[in-house]
Amino acid sequence: MSDPSIVEVLRIVKTALTEDLGDPPRDVTSLATIPADQRRTGDLVARAAGVVAGLAVAQTVFDVTSTGTAQFTTVVADGDRVARGDVLATVTGPTRALLAAERTALNLLCRMSGVATHTRAWADRLEGTKARVLDTRKTTPGLRELEKYAVRAGGGTNKRMGLYDVAMVKDNHARAAGGVVEAYRRVRETFPEVPVQVEVTTVDEAVAVVDAGADFLLCDNMSPDLLRAVVAAVGDRAELEATGGLTLDVAAEYAATGVDYLSVGALTHSSPILDIAFDLRG
Amino acid sequence: MSDPSIVEVLRIVKTALTEDLGDPPRDVTSLATIPADQRRTGDLVARAAGVVAGLAVAQTVFDVTSTGTAQFTTVVADGDRVARGDVLATVTGPTRALLAAERTALNLLCRMSGVATHTRAWADRLEGTKARVLDTRKTTPGLRELEKYAVRAGGGTNKRMGLYDVAMVKDNHARAAGGVVEAYRRVRETFPEVPVQVEVTTVDEAVAVVDAGADFLLCDNMSPDLLRAVVAAVGDRAELEATGGLTLDVAAEYAATGVDYLSVGALTHSSPILDIAFDLRG
Amino acid sequence: MSDPSIVEVLRIVKTALTEDLGDPPRDVTSLATIPADQRRTGDLVARAAGVVAGLAVAQTVFDVTSTGTAQFTTVVADGDRVARGDVLATVTGPTRALLAAERTALNLLCRMSGVATHTRAWADRLEGTKARVLDTRKTTPGLRELEKYAVRAGGGTNKRMGLYDVAMVKDNHARAAGGVVEAYRRVRETFPEVPVQVEVTTVDEAVAVVDAGADFLLCDNMSPDLLRAVVAAVGDRAELEATGGLTLDVAAEYAATGVDYLSVGALTHSSPILDIAFDLRG
Amino acid sequence: MSDPSIVEVLRIVKTALTEDLGDPPRDVTSLATIPADQRRTGDLVARAAGVVAGLAVAQTVFDVTSTGTAQFTTVVADGDRVARGDVLATVTGPTRALLAAERTALNLLCRMSGVATHTRAWADRLEGTKARVLDTRKTTPGLRELEKYAVRAGGGTNKRMGLYDVAMVKDNHARAAGGVVEAYRRVRETFPEVPVQVEVTTVDEAVAVVDAGADFLLCDNMSPDLLRAVVAAVGDRAELEATGGLTLDVAAEYAATGVDYLSVGALTHSSPILDIAFDLRG
Amino acid sequence: MSDPSIVEVLRIVKTALTEDLGDPPRDVTSLATIPADQRRTGDLVARAAGVVAGLAVAQTVFDVTSTGTAQFTTVVADGDRVARGDVLATVTGPTRALLAAERTALNLLCRMSGVATHTRAWADRLEGTKARVLDTRKTTPGLRELEKYAVRAGGGTNKRMGLYDVAMVKDNHARAAGGVVEAYRRVRETFPEVPVQVEVTTVDEAVAVVDAGADFLLCDNMSPDLLRAVVAAVGDRAELEATGGLTLDVAAEYAATGVDYLSVGALTHSSPILDIAFDLRG
Amino acid sequence: MSDPSIVEVLRIVKTALTEDLGDPPRDVTSLATIPADQRRTGDLVARAAGVVAGLAVAQTVFDVTSTGTAQFTTVVADGDRVARGDVLATVTGPTRALLAAERTALNLLCRMSGVATHTRAWADRLEGTKARVLDTRKTTPGLRELEKYAVRAGGGTNKRMGLYDVAMVKDNHARAAGGVVEAYRRVRETFPEVPVQVEVTTVDEAVAVVDAGADFLLCDNMSPDLLRAVVAAVGDRAELEATGGLTLDVAAEYAATGVDYLSVGALTHSSPILDIAFDLRG
């Protein structure tokens, strides 16, 4: 499970710290009450069961507020399941730095762990089938790379990053090009190095685009019966992604159709956070 | 309801577009299939009932991808309630620019509207009482200003921006300063221009800090009975904020205690999106 | 000093870019001579001393022409005084985008800074007196919000936005209503939520309208002696605004009469620009 | 002298009226004091000598506020010289509509007439020489078409509209293309239908680009002596535009060099308004 | 394709609105049933295929009834071909203003588009030949400028405006002057700045007037054979306009004679409207 | 058959003459060739069969160009049927005045007679039935009063003038008022002096509004069967108007349903002219 890029993590951490501390940064309460040389220790503790993601990101926050003087020790790893009350990591450093980092670190860690926890529920539901859960481009603006990392931490699969690295032929493109097959061909020829996925709506259309060379299809809002028909018609010649209003309740039914992927926008657009606290030791 | 700052909106829009389009920006599917001079019209349509926030942010996305040539006409305004099927705004412009903007604009608009919708549910529940719903610092990293704007659009109240512009004396500060009253005094003297809120845990503590001059108290995880006792003891001398695991089900009960604010982290950390689509006209 | 609204800034930027680049936008010279992937850095440099206003607006122009890929770093802030040769901001991005933005960004920045510089001269002249300089509705059509922002950046005060948010009883209204006091009363009753200013021409009239409840008077084209008499008669019961052909030469003399405001249409209708250049680095 | 486009005039008038009247539009003072059915007559009167421009634009304002029921009768035409006290036009209509239109109509008419008056001063100074005064792209954002119209009304010449309809090869283009002649050639070949102007700095450079086919040169910040040398070297083979800090004091000296155009940014960026009032008849 | 003049458009719009709304204007049905603050959106939709003309005129109607608060967004431009069902423009504004404008806007838009559609049929028929279709003075009283604009939008050519700006020597003038050549000479001398067209009836007459200097001939009701003879005799020395009962069926035959123009009065006196509706959205 | 108002006729004649002669008026060809004191006689002659309307209007044109010195003698009257070759009127006056009036007089007379001729065809088709043909508001902008007069001349009936003098409750009003009956009641109460027509779509709706007091119904796009059902249900309690795409071919079928009126927009929006010439006697 590859890490998010450090440049991206630093960008996000800096942005988030500036939101909370202002520019120049200051925590007025701590400056007035807490001695500059006081050091303390605190624990990141799960307040609910779930899957963790974002420990390195949280550490970055403490490192930045402490100018690298805080010690951050992990107890669990990203992707691990934790129970309520589990300690995830422990931090020792200047109290002012710990308090300055606390909210920003938690905001990132809770959110990423929320995505991982939600994804894990899907991955668990699909276990034993061929289907894998896929994320979408419906991510939080500014956090796409972190959220896609969290999806991976939860056992999901990323469908690459954006409009630039994978083509997706949908109705508007087909219409402009004079048909979905023609649209596929144009993308294929114009950007030979880019993977191309094609949205289809019927069995015939699926067969036609696969005959034209497409190996990755998107089946939007199809019924399980229709999906089964597409799977039967296409066989191993292309991978199939089902999408459109999927919920955990119907996950198994859709996975049973034989498709390769179920994609779920809610993983990144509507997951509740995993509640995690930072408890300074007494 | 003042706008979020231009520079902040531009920062977020640029970041989000780069996530989706790469740098240099390109949408490979559209480049291959859609003529550069084709123009179309699309509608932003609510797929569920809720409260809208973020139209100007969405407009910014379309303006940036179209070099300002898209026309964006709003039908409703931020803060308006909408029903499923309502058109929120209409955009006409180069098809390529519309498709390049679509996902990023929706990611921002759906998220902000989700926050506004959630906040509106709280504001409605508190109507007729003295209490107002307050947000917290538990915001999405990188989106604090937009989310706080969305809270306002939903009828909520912002509790200022971060650690830098309002002091909050909590247990760690009290402990370092040798008591909560002393901590309050230090902050008051060190930063006379900054508002100071003080967390209290008992009626006596509340009276003591108010006697010392505090006019804004935080009551964390207090029962309704205890809150009523604090309200009775403090009277009009200070504003009171209740917080800690509040849900819509108990909102009325807590509001009835006479506190001024109920603060709800979930407004910004766990609101589902409001589903909004961008439908290109045929 | 609150920002102008995003939607208003985008409206103006789009309009101005379309004027300069056409629709669809193109800069024929750059398209023919400058490689698409060339990036350069340029500085916005003051060519004369003055006060800056409009940096966020200028940034918006560069963001729109560069699809958000230009980096805009400010060295000074709106409202700062700058000397000839000072760098105000630095921009790095695709050369084509920089050249496409240059003239539009400068047209806005130079004009807004011209207004701020002119206003600053008035604010400086009034320093140490009670009087503040006020703008009017004599603004450039389409730029009122930006110009009123620039007035604030220059140390001036805005007299609200238009005919809709503040009432001003003048001779035509008095005549229609049967006297200035009666006109004041009608406005007061019809729109109780709207501030009402009343134009007066004599001491007796001033006293009469203040006795009727008015707390904001306009004294048009009064001599300093007459102004002093009105100030003496009205005392603290109303704020007074002097207007009519005021120039910097007589500013101190008029301020010395004890009025609260001097309003100056020329701030927005006849300020020369502040000369600012965009120098690409070699 | 062709009219500015209707859509552009409507866009500006609507924008300016909304700035002044709000949306929905209301003039609170008039609503409270002036009967809906009262009609009056007013005169647009010059308060200073100058050249008029913008009468149709002013009429549009009155038509829009009166739902077309105001009568607007012109006494002079755009481009005419007027003396202090001259009536330019007379308007009869509902008093409320007249007062709602007054400031917006004047803001447009005074500004456009200010540009025309300033331009006329240049045109007069150049009379009897071959040189004509030219405007630039240093226009007020949002008002370019109206300002260029006002320049024509004042006897000036427009240098087309923007970056899209005429090419101008400057140092940055020459540098990117490997020399000014090469840059000229590229533009000439890429956009054969677009006029190309080339900035030159020496006599040799002027001869070189004219030999390459250029027929329109820009001479920025050249002394009269250098301009004369360029004129002598180039002869009738190209038109020459002198620019750079030109003022009325040196206009004749520069015109005498034999150049075809003097371009003056201040026509549009720093002209004071022409003072015009709207006097309701008693 | 230059716009019709603003003042003329305003005159027509005001006249037409007064016809429909009376003076003072009122729409009794809407006043009684529709709330003043209700806003809706409507689309101008083609009910038949054709060529559009008059969008700016239609916009003016909505602007005037809404005091500039309606938003009018065009999807197509004047001169574009549209299919049945195509949306031409979208308007959002106060419902009362939309309904007050609807019929007047449609009456203008449908009529102008009818002229453009009819003209386009002629222009298409003449494509590939040298001949262009010309309008006449047989226009709808009060709408000449708009109809001539619509002819241009449909690909036709205007034969200037009226009796004042172009001379046309016909039989009555020839008879009064003592011959067609003499009539031509008198006009030529009396109004040297005015173009002169001469009506001829034979080859000899054509040669005679061309020898006398005429360069624009009118051939009324000539057969194709006679036209060919005139073309052969005159050569490039004059432009020829054929007129008189021309229909689309014979257009190609007449164009093949080598004349420069076919003029068709029916373009403006007998074109059916293009059916366009204004559909308020549900 | 009442005349159109003279003020309206003069307005139209002046407008149309200015279009053709310019301002100040001149006919350059006649000025150069025809002696000022020459007088001639001409005939207005029908070139096709039809019904005449507009003779008084045509006379007005000749009177205006001749300063009242032309003699205009009618042979037929408005409303009369004429055959090809029939003389309608004869005019004697200064030749220059006759030629200056010719085109404008014909443009008005041919158009009005075209409307009358078209209307007559409908009136003839309905003869023997109860139904009468009705015009609509789909008139030529600026010519409504003249066209409605021409409809009367052709045997049609006017449905009053505009939105101001008769109410028409349609779907948008019903929707805003909460139902068609409620909308009817509001209009009835608000404007008791104004006739109210109500659009209905079903028999039940027709009965409901008639029960509520309505006495004039509009049946849009109903089939003959449905119309018959409405007629049966309503009886004599209300007048019924059928409309929507009616053509001469189905006129009898619709008239047979028992409705009172058939309304036909094409009478005024798409009638071809009646060809009439002005022949100067030799």
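Letters A, B, C, D, E and F name the chains as they come in the text, with residue numbers starting at 1 for each one.
By our rule, a contact is a pair of C-beta atoms (placed from the backbone, for glycine too) under 8 Å apart; a residue touches a chain by one contact, two chains touch by 3 or more.
Keep in mind that what you see is a predicted model, and the values were worked out from it rather than measured.
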- Task: Without counting subunit B, go through the other chains and collect them into connected pieces.
- Result: A | C, D, E, F
- Co-neighbours of subunit C and subunit E resolve to B, D
- Task: Name the chain whose C-alpha centroid is farthest from the C-alpha centroid of subunit F.
- Result: A
- Item | Euclidean distance of C-alpha centroids - subunit B vs subunit E, Å | 56
- Item | Computed distance of Cα centres, subunit F from subunit D, in Å | 46
- Item | Centroid distance [mean C-alpha coordinates] between subunit F and subunit E, Å | 22
- Item | Numbers and ranges of subunit D residues touching at least 2 other chains | 13, 21, 25
- Touching chain combinations (by label order): A-B, B-C, B-E, C-D, D-E, E-F
- Note on the structure: Residue set of subunit D touching subunit C in the complex reads 11-13, 15-16, 19-22, 25-35, 38, 95, 99-100, 103-104, 106-108, 110-111, 114, 137-145, 161-170, 172-174, 176-177, 183, 186-187, 189-191, 194, 196, 266, 269-270, 272-273, 280
- Please give the residue numbers of subunit E that touch subunit B in the complex, ascending. 39, 41, 71, 73-75, 87, 90, 92, 281
- Task: Spell out the part of subunit C that touches subunit B in their complex, as residue ranges.
- Result: 2-7, 9-10, 13-14, 17-18, 21, 23-25, 37, 56-57, 59-60, 63-65, 67-69, 94
